[in-house]
Structures are given as structure tokens and as C-alpha cells.
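What follows are several structures.
In what follows, subunit A forms one complex with subunit B and a second complex with subunit C.
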Partner chain A sequence: MTSIVATQTKSSSLASVRDALLPALLFFSILGIWEFLTWYTDYPKSILPRPSAIALAIINNWSLLTSNILPTASVALGGFVIASIVGLGLSLLMTYSKWTKEALYPNIVGFQIVPKIAWAPLFVLWLGIEFQSRLGFAVFISIFPIIISMTAGLKNTDPTLIRLCDSLTASKLQTLFLVRFPFALPYLISAMKMSITLAMIGVIVGEFITSQQGLGFLILVAFGKLETDLMLASVLFLCFVGLFFYSLIAYASYRLEVWFGNK
Partner chain B sequence: MTDQEILRADAHVLADKVQKIFNPGKKQTIALESIDCRVREGEFVSLLGPSGCGKSTLLMMIAGLETPTAGGVFVGGKPMTKPREDIGLMFQDPTLLPWKSSLDNVLFPIRILKRDCDKYQKAAIDLLTRVGLEQFLDKKPAQLSGGMRQRVAICRALVYDPEVLLMDEPFSALDAITRDEMNQVLMDLWQDFKKTGLFVTHSIREAVFLSDRVLVMSARPGRIIEDLKVPFERPRDFSIVDSAEFNEICGYLRSKIDSQH
Partner chain C sequence: MLEAILDKIRARGITSAREVLLPISFFVFVIIMWQYAVDQKYVPTVILPPPGDVVAVLQANRDFMAGHAMSTLYECFIAFICACTLGLSISCVITLSYFARRAIYPNLVIFQLIPAIALAPLFILWFGIGTEARVAYGICLAIFPIVVSSSTGLLNTGSNYLRLCQSLTAGRWQTFLRVRLPFALPLIFTGLRIGLTLTIIGVVVGEFVTAQQGIGYLISFAASGLETAIALAAIVFLLFVGLILFAALVCVEFFAFKIFSGVSAE
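Take a look at the complex of A and B:
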């Protein structure tokens, strides 16, 4: 029995090493081939700089790049947090008020289909060229998954469990906090994964339009000077910021699984 | 006393000419036409009947979770209009909270009822020990087998000491062996926690083993077509299911159910 358990954990940790190794191997192989080809073909460096040139650009522009992380990351995170709180509030409201739901929900679902990026210039018009317009736009595009998933999550609580609560003369608030909300948490977390990505997109688009700082702004500046290596370096930094946020939420999701006793 | 008062005084649980129609109108479903059912204090009664004949509906009305279209439901002589603390429920699904340990799941009703959890802690542990889960107090539902989960659910239904326990096919989802075990567990618990019980099941054997009285319902709309006393002394051991008398009773009930088709 113990030996079976031992081999299982061993093979599963091997599997997780493989899970991480395979994609990394592919990624670096592509970089290698890319680098290799650029040495043996004749092509304009300004179109596609080789990976080593991007690395060099990162080293040369280190302080420029790092100083532009915060303006982008803070607005994205702020937008995401506001979207999560407001989205949560709206889905609670729709769960407990039938009228609100009937009036609001179809509009939200309908709006969800509209290409929201198209609204970005309007936010600049309404909220100005400072961070407020980018924050507002980030909230606007990242709130939809929160509302939609959370409303579904709160609605999908096992009806038998609700009956049990009712039979125990539980108040609506007790049922909400002790049962409905915890059951909806996995929905919230998976919506958050989507939402943080969208908030990043929102901020970058906002920076393309108006900003004087941030990684999105840096991409535009580098574009203007045709410094493609710096452009790609900025994109890489954006990837890191996105990955960082994503892994925070992935960790929360893991803790949740542990809490549910699934891990 | 009026006739009705006499009727109520004698029955801990009483359904009096109860009718239930879902979605009245064109697409209505008559779940129950006019059903009479009474359970005396401390009595264990089973409801046997085909799927969809309205057993769950009747139980939900007794629990105060549904209102009858006509007729009256009384528990302890008082009409049921909304759920009450003196009535406990068990479902086919254990409906445990996945993020809570066995012990915390058992204490869940105490929290809802805003009673003192510390005071009930010992009672909860005693109950879990009675059903053989003393090693599993801090395990979460995902780490328990189906039978263990349903044991936790029994403890949860008993911990706040309701007077009436309503059980809706609580063992139907379990495999045959676990189900027999659970029957014995419930039988033994019943010796210590004398309650009034109403138990819905599809299993004739289970109904006869557990009950003082078995009621057979007809297909929808449900009516009571048989009311049979079970003569065995309590506490009962599961070995009685092999006796000739036991099987004779089961055979009789089966013929009653089959006469429906």
C-alpha cells in the first residue's frame, strides 16, 4: 500500500516536471531557430530583430523598461479590483432582486457581444487623458466576465442545499454567506483569470491612445523610432506583468481547491 | 374537542386531505389528489410508492417548504406554514459543504440556528463516534466514501435535536451492501434518539426493516392504498430480513404495489 502511494507521488511529480519542461523546450527551440536563421539570412533588422538583440535592448533600456511597469500594472490592477468588487455587487443584486435581473441581465449579455475596444476613444473624451480614462476603460472591459460568471455561480448552488438551509430556518443572508457565496467562489476565480487579462488589454489600448507613460506608451515611442528591439522588449515585459497577475490568481484558485478538499 | 382537534391530538404528523397542484392552469400537474397520512409520536413510518407519485412533495409540505393547494398539514398539532426547528430533513444526496470537515458539517445547523457551537461540540463528536466516524472528524467530504457522507448527514439531522425527522430516499444512491449497513446504523440510532420518523423509499425490504408502519402510495396522483403494521420487536437486527415472516410481509407489499400496473 505505502509503496503504491510512493510510486504514485513520484510519477506525478515527474509528470509535473514534464508538464513544465515540454512547453519551455518548445519555446526555447523556437528562439534558437529564430536566432540561427537570422545569422544565415539577409533581412532588415528593423523588422524582426534576433532574440539576442532583444536581450541586449532589455539590458540597455533596463531602467526605462522597469520604470514603465508600475504605471501600466497599477492601473490594470486597480481596474481589475474595481471591476471585481462592482461586478460582484451587481451579481448579488441580480441574484436577490428579480426585477433588477430581468432589466439588467439581458442588457449585460447583449453588451458583452459588442466589440468593447471600440469604446476606448470615448473614455478619453469622457474621462480625460490622465489615468482615469484608462482605469475607467479597464473596468469597463474587464467587468463583464465577473458579472456573468458570478451570476451563474450564485444561481447554480445546489437547490437541495438551499432547501436544507430553508428547512433550518436560515435567513437569506446566512444562506448567502455560508452556502451560496462559497459555492460560487470557483466561478469567481475563473472569471478573474479572464478579467485580469482583459484589464491589461484595456490599459494598453488606453496607453496607445493618450498616455505619456507605461509599457504601452513605450511600444508606441519605440514604434515611432522604428526601434523594433525595444518594442519587443516592452511586449516581453507586458507578458511578465500579465503572467505575474495570472499566477497570483492561479495560486488563489489552488488554495480554493485545497479548501474544498479537492487537493 | 372538535373532531379535528381529536384527530390532531393523536398524530404528531398529520396530513389531512392534502391536495397539491403545481402550476395551476392549463399545464398543471396534480401531484397529490387528496392524501391522508398520520404518524404518531415516536413512530417510524415508511412511504413506499412509484416514482413521481408525490412522495417528495408530501414530505416538503410537512417540512413547511411547500404549501398545500388544499387540505392541512399539522406537526405537533400546529399547522405548517413555514419551516420549523423541530423538524429535520435528510435527502438522497448528503448535501454536505465540501469545504467543511465532518465535524463542522454536523455543526452546520447549530450555526444556522445561532446556538452555541461549543456546547454542541461534544454532542456532535458523540454522534459521529456512534456512526463509526471518530477517525474522520476533520476529514472533508471529498475524502469520505458515499456511505460515510450519508452518516455525516444523519448526524447533522440529529444534532440539533428535532422532534420529527423526514427522510427522502436517504440511502437510494448507495450500493446494496452500504445500504444494508446504513439501515442498521439508522435502526441503532433510533433506539437512542427516539424521534418521530417519516421515511420515503423505493425499497420494500428497507421499509419493512426500519418501520413500525408502511404506507403504500398509488401512482400519480398519489393516494394511500395500503397501511400495514410491521410486527417485529425493536431493536431489530438486520438478520431478520432472511426470516420467513419478513419475506412474507415483503411479498404482500409487492403484490399491493404491482396491483397498480
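Take a look at the complex of A and C:
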């Protein structure tokens, strides 16, 4: 019996090792083939630099890259926070006032159809070429998922629970914090994950259009000078920024779930 | 009894009339406020031209703008068709081959983390400033959600159904066509819808970065020339491009559900 259990755990741990190794193997073999082919065929560095050249570009331009993280990251995070707060406020308003909901909600959903990326140049025109235009655009682009999912979450709370609260004479605020909000939390979390990605997209597109700093700006400068290795290095840095934000939100949502007693 | 039902219908009629009228009146109210704010010179016309100006621009430059819209529509269409074909075939491979699934799937999820929007200049470097660059970029943006969501759908068929297929000695392909695919349709089309949005984003951003034609080019050109009315009119045209593409996708979705519900009923 114990031997069967032991072999089972051994085989399952073997399987999990293989599960981790196989994708890593594919990843590194692609990197290796990339490195080898570009080296062997002497492929133009300006079109596709070798992975080692990208690593070298990161080392050589370390201070340039790190100094451009903050302008991009701070605007993206600021936009996300503003969008979350305003979006939450709006969805609460729409949950508690039927009139507001009926007036606003169809318009918001209809507005969603317009490809929002197209508004980027107008934000530059409205708010100038400083960080305000990028912040405004990041808020604009990332607020919609928050409003829509949060409204859906607050609306879809189990009606029997609400009725129970009513019969126990809970105040509206109590019902909100003890029932509706915990119920809507999964909706909010998935919306926040979508929203931070969109805020990053908004800032990067804003930096493409007009900017004097930031990783998106650095990509465009490197593009102009045909320094493709620096371009890809900036993209890699953007990945790290995105990954950092994503894990930040994953952690925050875990804490929130614990706090509201969902876990 | 009858009286009660009639009352109910009457009440329903009033609510549904309110549900239609309220959003429309809010929309009209916003337009009127917009016109009023411009008339009273609270905002300069360069920042926000009156709605009448936008309509005038739309009427005067209809053919010119429709040409740009056609170019964007064409590029989005080609990119989306390619992304669908490629994305769905990759997810078929992932579903049918255990080995490919283990090797490819985690990499795909990691790849999704790359802010693909930042790659726009790279595609122009690789494919030039023509249509190819924007189509390739649209494909690159759209393919990940399509692959991830359709393979999630194809892999998560209820295990009872799969076991039933096995016990009825259905082949891998039979199981795939008759059980996995019909089950995965809702998720596949969710992925396709996200993919379509991203295709449009990709083409428009590609046009922002460098293009000689298309709605994105028109918007950024107009905005840099402080021609806000033209930029807003171009956004209206982009809305139509989006609506046409989405309507086409919804039609395909409708027929796909019809065909495959027939298969599963056989």
C-alpha cells in the first residue's frame, strides 16, 4: 500500500517536473535556434538582433532603460487607480439609482463599440503633450471594464440574500459591504486585471504619439535610429513592468478576498 | 384576473418605454450641452467643435473619408481572417496532441504578458510601411486571445461526454468534431470577439505609427493639424467599420451555432 502511494507521488512529481521542463525546453530551444541562425546567416542586426545582443543592449543602456521605467509605470498606475475609483463610484451610483442606470448604462455599452484607441490623438490635442494627456487617455481606456463588470457583479447578487438583509433590517450600507461587495469581488478582480493591461496600452500608445520620456518613447527613438536591440530591450522592460503590476493586483485581490471573508 | 394582466402589460409598456427613452434623452442632452458649451465659448472650437461642424465635415468629405475607411476595413478583414485561421489551427493542434499542449500552452500564456502594443514599430521595421505591416501586426495582437480561449474551450469538455465517446469507440477526430467543437463554440466566439477588437486596435495603431491611408492616419493627421472636427468625423467612420465587422462576426456565430446544434442533435 505505502509503496503504491510512494510510486504514485513519485510519478506525479515526475509528471510535474516534465510539465515545467517541456515548455522551458521549447522556450530555450527557440532562443538557441534564433541565436544560432542569426549568427550563422549573419542576419542584419537592425532587423533581428541576436538574443545575446539584446542582453548586451540591456547592460549597456541600463541607466537609460531604468530611468524611463518610472514615467511609464507611474502614469499607468495613476490612470488605473483613478479609473478604478471613478468606475467603482459610477457603478455604485448605477446600482442604487435606477434612473441613472437606465440613462447611463446603454450609452456606456454603446460607447464601448467605438474603438477607443482612436481617441488617443484627441487626448493629446485636449490635454497637451505632457503626462496629463497620457493619464487622461489611460483613465479613459481602462475605466470601461471596471464599470461594466462591477455593475454586473453588484446587480447579480443573489436576491434571496438581499431579501434576507432587508428582513433583518440591515441598512443599505451594511448590505453593500457585507453582501453585495463580497459577491461582486470576483467580477471586480477580473475587471482590474483587464483594466491594468488597458492602462499600460493607453500609456504606451500615448507615448508613441507624443512624448519626451517613457519606455514607449524609448522604443520610438530606438526605432528611429534602427537600434532594434534597444527596442526589444525596452519591450522586455515593459514586460517586467506589466508582470509587476499584474502580480501586485493578484496579491491585492487575494488580500481583499481574505478581508471580505471569501477565502 | 384579466384586469390584473392588463395592468401588468400597461406597467411593462411604461417601463420599457422609459428604458428606451431615458438613454436616448440622456444622449440628446449631452449633445445639446456640447453645442451650448461651444456656443457660449466655454471651450474653444479647436478643442471641441460643435456637433454641427462634425456633421458638416461628414457630409462634405463623405467620399474621401469612405475611401480611408475602406482601406482600414480591408486591412482589418484580412488580418482577422488570417488570425482566425492560424489561431484555430494552433488550438486544434494543442487539443489533439498532448505533447504540443504541454510544450506550447505555457509559453503562449507567458507570451500574452508581452505588451504587444509596444511591438508596433518593430512590425514596420520588418514589413515596411505598407498594408503588410499593419495586417501582420493585427494578426499578432489578435491571435493570442483566440488561441487561449478556444483551446480552453476545446480542452474543458465534460469528462463524462469524453468517456461516453471512448466507450462508443469514437475516434479522436469524431470526438473532436461531434463533441469538443460544439461544446467549445461559446468560448471560441468569445475569443474571436476579443480578437476582432484587438485586430481593429492593431490596424489603427499601425496607422498611427506610419501610414499614408486609413482612418488611423486620418485621425492623427487631423489632430496634429488641429482639425478636431475631421478627427471626430473620422472616429464616426471607424465606428461604422467596427460595426460592420462585428455584425459579420455575429452572423457567422449565428450560423455556426445553428450548424453545430444540428450535429449534436443527430
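The working rule: the second predicted complex is superposed on the first by the 225 of 263 C-alpha atoms of A that agree within 3 Å, B and C clash if a C-alpha of one lies under 4 Å from a C-alpha of the other, contacts with A are read in each partner's own complex, and residues count from 1 in each chain.
One rule holds for everything that comes next: a contact is a pair of C-beta atoms (placed from the backbone, for glycine too) under 8 Å apart; a residue touches a chain by one contact, two chains touch by 3 or more.
Keep in mind that this is a model prediction, so the values were computed, not measured.
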Once the structures are superposed on A, label A:174 by its partner contacts, choosing first (subunit B), second (subunit C), both or neither.
first
Examine A:62 and indicate which partner it touches, taking first as subunit B and second as subunit C; both and neither are also allowed.
neither
Quick check on the superposed pair: does A:259 touch subunit B, subunit C, both, or neither? Answer first, second, both or neither.
first
Scan A:113 for contacts with subunit B and subunit C and give back first, second, both or neither.
second
Considering only touches as defined above, state whether A:246 meets subunit B (first), subunit C (second), both or neither.
second
Dominant contact partner of subunit A by residue count, subunit C or subunit B:
C
Please indicate which partner A:158 is in contact with in the superposed arrangement: first for subunit B, second for subunit C, both, or neither.
first
Residue ranges of subunit A touching subunit C (in the complex, touch as defined)
18-19, 22-23, 25-27, 46-48, 99, 102-107, 113-115, 117-122, 124-126, 197, 200-201, 204-205, 208-209, 215-216, 219-220, 223, 226, 228, 231-232, 234-235, 238-239, 242-243, 246
Show which residues of subunit B lie in contact with subunit A when the two form their complex.
60, 63-65, 82-85, 87-89, 91, 93, 95, 97-99, 108-109, 111-113, 139-143, 160
In the complex, the residues of subunit A that touch subunit B are 158, 160-161, 163-170, 174, 178-179, 182, 259-262
Going by the contact rule at the top, pick out the subunit C residues touching subunit A in the complex.
18-19, 22-23, 25-27, 46-48, 99, 102-107, 110, 113-115, 117-122, 124-126, 197, 200-201, 204-205, 208-209, 215-216, 219-220, 222-224, 226, 228, 231-232, 234-235, 238-239, 242-243, 246
